[in-house]
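Both complexes shown next keep chain A, but they swap its partner, so chain B is in the first and chain C is in the second.
Up next, the complex of A and B:
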């Protein structure tokens, strides 16, 4: 866990952020901040998860919304069936979406590049059709989730959701950082650079890709699990929203895909801007702004913000 | 003796005093701080067309009420944000409205999917929540301060299609079989479920009961499959693109059903009416307001004149018969409640709204215990004598004859549909 001084600092910062989050819930009652930050945190998990496969491994996944939605619907189904508490719902969503990710991992045996990307998009459409016809979770009509009025330790339910999401986000970042710096991360980077060469050099490519897709799926499922309790009404159109997938790709691309901090920066920047723009200019501008930022970064700074900062630091050293 | 300089100073001071006094006397009525009404609205995304039209209607109400001196002597202001027809955007918007913007009153966005996510937030603050065209949202929440303006009745899902089947029962020869077809999406499935219940209760045999994906564009195979079962009645629950496709396919195939229509959204919009023209003739479909003499409620024509003027060049429904009068009316309800109780006390407002029959541009509105209209007024109208390429014809009476409910009837049915 603590391999060097950087690790110690990282965990201290993580703990401090979690404690600060809890402290904020005990002092600030304004619910707007929690709902707005919830949305940013959800986007952060999605971005971090996408980056494990898209950034570290080099496999582009267009089906993020499917993992997110299946996470949400797993929570809906289990809440309806057994009335399980939130931690169990999150664990179940992680398990189901992790298995889904494992399945996607096996796809990589035959599909690469654009074909893999198209397959993930197709998977999203197939799963949406399934949910559209699954009456138990409301099918195409959608389903309502009633949230409790009072919760222990917090003055409102959204504060509880905020804390859950904060903990999940920090957990996701920790996993992503660990992967990035570990043997697995180096193996994933080798796959990204040249899969055949990596295989020849003895990198167990299939095993690593399976780890990568399973983790990606589980993390996206985790992001989706609390969503029904946040919106209280879930239907397939909103759960499988293409915008979820677009954001998941755009945020790491803007932040930088090669480093674990890239998607975090991208998500905080783009997600924060989106929340501000929604209540100041227009919601529709979000899409435009994300699009413009994506085009600008891909053409002018393909390594994202992290890449720009790294370049700048190198120049300063010289 | 008063010096000239002193006199000049005194004159200036007196003048300033007089000016100040005059300003105070003639100051606008609005010395008080504005009364803020907050809401989210679908101004972009899938429901943007309707959302923008609703906003125009709401702005007309704001101008009207401010002309009358505002509410409680305070000018009315709107604080609203675009929810982009995305449910996930609704909770942050309502928490901002209530916690940051500190609005005095809230009303809903347009449509079930955008109303439901606001409910827990509004319920926690115990606010009255006038809502705009949500289908049976309160069936789940059971919130006693929810007031929904769409006239779908106390049991919205079944009341929606009741008129279609009651009309069918009155016909001679009496129809026996029915086909029910719906889009695989929220409203359409609910409407189809209600139709199924009503059909069975009325003793019709359901010979076809299927859904189609919302992405469907070719409806001929669906209509051919329906025609193969030779149903007497065809009940369609669909969204605008599907409704257009179904009507065109029914005409192409030569559907021989005796009644066709029911729950097709879109046939209420002027642009679609113009597009389909005579293909609409004899279709019996739901509606909420049409320019028939029986529905000439006080104020509705004046409102529509203002709306039609304001809607020019904005890409919204130019006639505005469907949603805009109700977007105006749900604010009229709030206006009357505030004026009558002389208060913004949410408990008093809710109590008043439960017991009162409101006079609005959409007629008298009385809410039942679940916040839906106490009595359904889902109209069944029949398109008649529609000419091609003429939008203006729909502005006046005679093109959409009210067949049901009897209290609002403006003509008799042409039966069977395909004669």
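Up next, the complex of A and C:
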């Protein structure tokens, strides 16, 4: 766990953030802040998850919203069927979406580059049509979720959700960071740069790609599982929202895809800006701004903010 | 039996229209290798222009579609310029370019929502409510007119590609850039022209789309699946193959919505796309 000083600092920061989050729930009562931060944390998990496949491995997934929605609907269905408590729902969503990710991983055997990206987009729409016709979870009409009135340790339910989400976010960042620096991460980078060359050099490309897609799917499922309890009403249009997919692509692209910190920076920056713009201007405009920022960053700064900073530091050293 | 015949006829009429939506994508995605995922979004823009000029000035939607095509051509040429400068020249076109067009699609959709809202829009023309009655099957003119215009446009694009020097240069640029340069044609200008042409076809396709049914900004997403499924099934860039694939998708969709319910129809194209990509990426008519 602690291989060098960087590791120690990282875990201290992580623990401090978690403690600070708990401290906040004991002092601030205004529910708006928790709602806003929850949205940012959810986007962070999605961005970090997308980056494991998109940034580290080089396979673009347009179907993020599908993983997110299947995670949410797994929680809805199990909550309705067995009434399981939250940790089990999250684990179940992770398992279902992890399996889905594994399936997508096998797709990479036949589909490279743009064909893979288009296939994930197609998968999202096919799954949306299935949910649209599945009456048990409300089909196209949507479904209401009941949340408990009282919870232990916290003064309101949203605070509990906030802490759950904070812990999940920190966990996914830790996994992503570990992956980035490990042997697996180097293998994934080799696949991203040249898959054929990696295969020839003895990198087990299929196994690494399967690990990468399964992890991505499981993380996105985890991000989706608490969502029904957060909004208390889920329908296919909101769960399969294209905005979820755009955000989870835009945030890593803006932050920088090659390094684990990139999607975190992108998500905090873009997510924070979105909350401010939604309150001060309008929610449609904030959607537009994300789209424009995505296009501008891809065309002008393809390495993202991390790339810009690295370039600037190199110039200063000279 | 009546339902059966009607489903086939409606499917063929619809399929020809799908071909008009996909013909531009067959050029950009099939020939130029540019994954223009924003293609259907431009179709929706075409629909909105037809709606604006139809509802304000009472112009015929087909006329608007044809008149707006040159403007679409210029926009397409400009977008190719940006794409070339940012991605193609630096050799990182496939994935960054894809995300770029994804962003463009998203921006178009949101701008339409911001300016015109999420309401369904319709056009009106004197002939749209009428039917041609053939006894056993009724042909609504709101499907027949798009069928005729779409077939004419697809045929025109096909003739242009196979008979003229510029058209053949477009087919050649995908295969061998160097050979094209030796023939005295500039590959970048040829591609810019081809991309403009592809976007110009969306103007006409959009005006047909809004004649067939009401249009709202996010409708384009459904057409991503249809258009890509048709181009891939048709064997990437072959216009006759694309037309057959379009008719096939049209008929199957029409059957599914008549016999299983319209809410299942979107899964047809995307399902076909997914299966084709996974099982036979070269399409129905491509060489494996």
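Rule of thumb we're sticking to: the second predicted complex is superposed on the first by the 318 of 318 C-alpha atoms of A that agree within 3 Å, B and C clash if a C-alpha of one lies under 4 Å from a C-alpha of the other, contacts with A are read in each partner's own complex, and residues count from 1 in each chain.
Following the convention adopted for this analysis, a residue touches a chain if its C-beta (ideal position, glycine included) is under 8 Å from a C-beta of that chain, and two chains touch if they have at least 3 such contacts.
If you're wondering where the values come from, they're calculated on a predicted model, not measured in any experiment.
S.K.: Taking the superposition on A as described, I'd like to know which of chain B and chain C A:118 touches: first, second, both or neither.
M.R.: Touch partner of A:118: chain C, not chain B.
S.K.: Where does A:129 make contact in the superposed view: on chain B (first), on chain C (second), on both, or on neither?
M.R.: Both partners, chain B and chain C.
S.K.: State whether A:158 touches chain B only (first), chain C only (second), both chains, or neither.
M.R.: first
S.K.: Taking the superposition as given, does A:276 touch the first partner, chain B, the second, chain C, both, or neither?
M.R.: A:276 sits against neither chain B nor chain C.
S.K.: Just to be sure I read the superposition right, which of the two partners does A:232 touch: chain B = first, chain C = second, or both, or neither?
M.R.: A:232 sits against chain B, while chain C stays out of touch.
S.K.: Please indicate which partner A:32 is in contact with in the superposed arrangement: first for chain B, second for chain C, both, or neither.
M.R.: first
S.K.: Tell me the contact category for A:12 with respect to chain B and chain C: first, second, both or neither.
M.R.: Neither partner.
S.K.: Regarding the shared-chain residue A:140, is it in contact with chain B (first), chain C (second), both, or neither?
M.R.: Both partners, chain B and chain C.
S.K.: Indicate the residue numbers of chain A shared between its chain B interface and its chain C interface, in ascending order.
M.R.: 129, 132-133, 140, 284
S.K.: Residue numbers of chain A touching chain C in their complex, please.
M.R.: 58, 60, 62, 107, 110-111, 113-115, 117-119, 121-123, 125-126, 128-130, 132-133, 140, 242, 246, 249-250, 253, 284-285, 287-288, 290-292, 294-295, 298-300, 302
S.K.: What residues on chain B touch chain A, complex-wise?
M.R.: Those in contact with chain A are residues 43-45, 81-84, 86-93, 95-96, 98-100, 112-113, 116-117, 119-121, 123-124, 140-141, 184-186, 189-190, 211, 213-214.
S.K.: Taking the touch rule as given, give the residues of chain A at its contact with chain B in the complex, in rising order.
M.R.: 30-32, 34-36, 38-39, 129, 132-133, 139-142, 144, 146-147, 149, 156-158, 227, 230-235, 237-238, 241, 243, 275, 278-279, 282-284, 286
S.K.: Considering the complex alone, what residue numbers of chain C touch chain A?
M.R.: Against chain A, the touching part of chain C is residues 35, 37, 82, 86-87, 92, 94-96, 98-100, 102-104, 106-107, 109-111, 113-114, 218, 221-222, 224-225, 228-229, 261, 263-264, 266-267, 270-271, 273-274, 277-278, 281.
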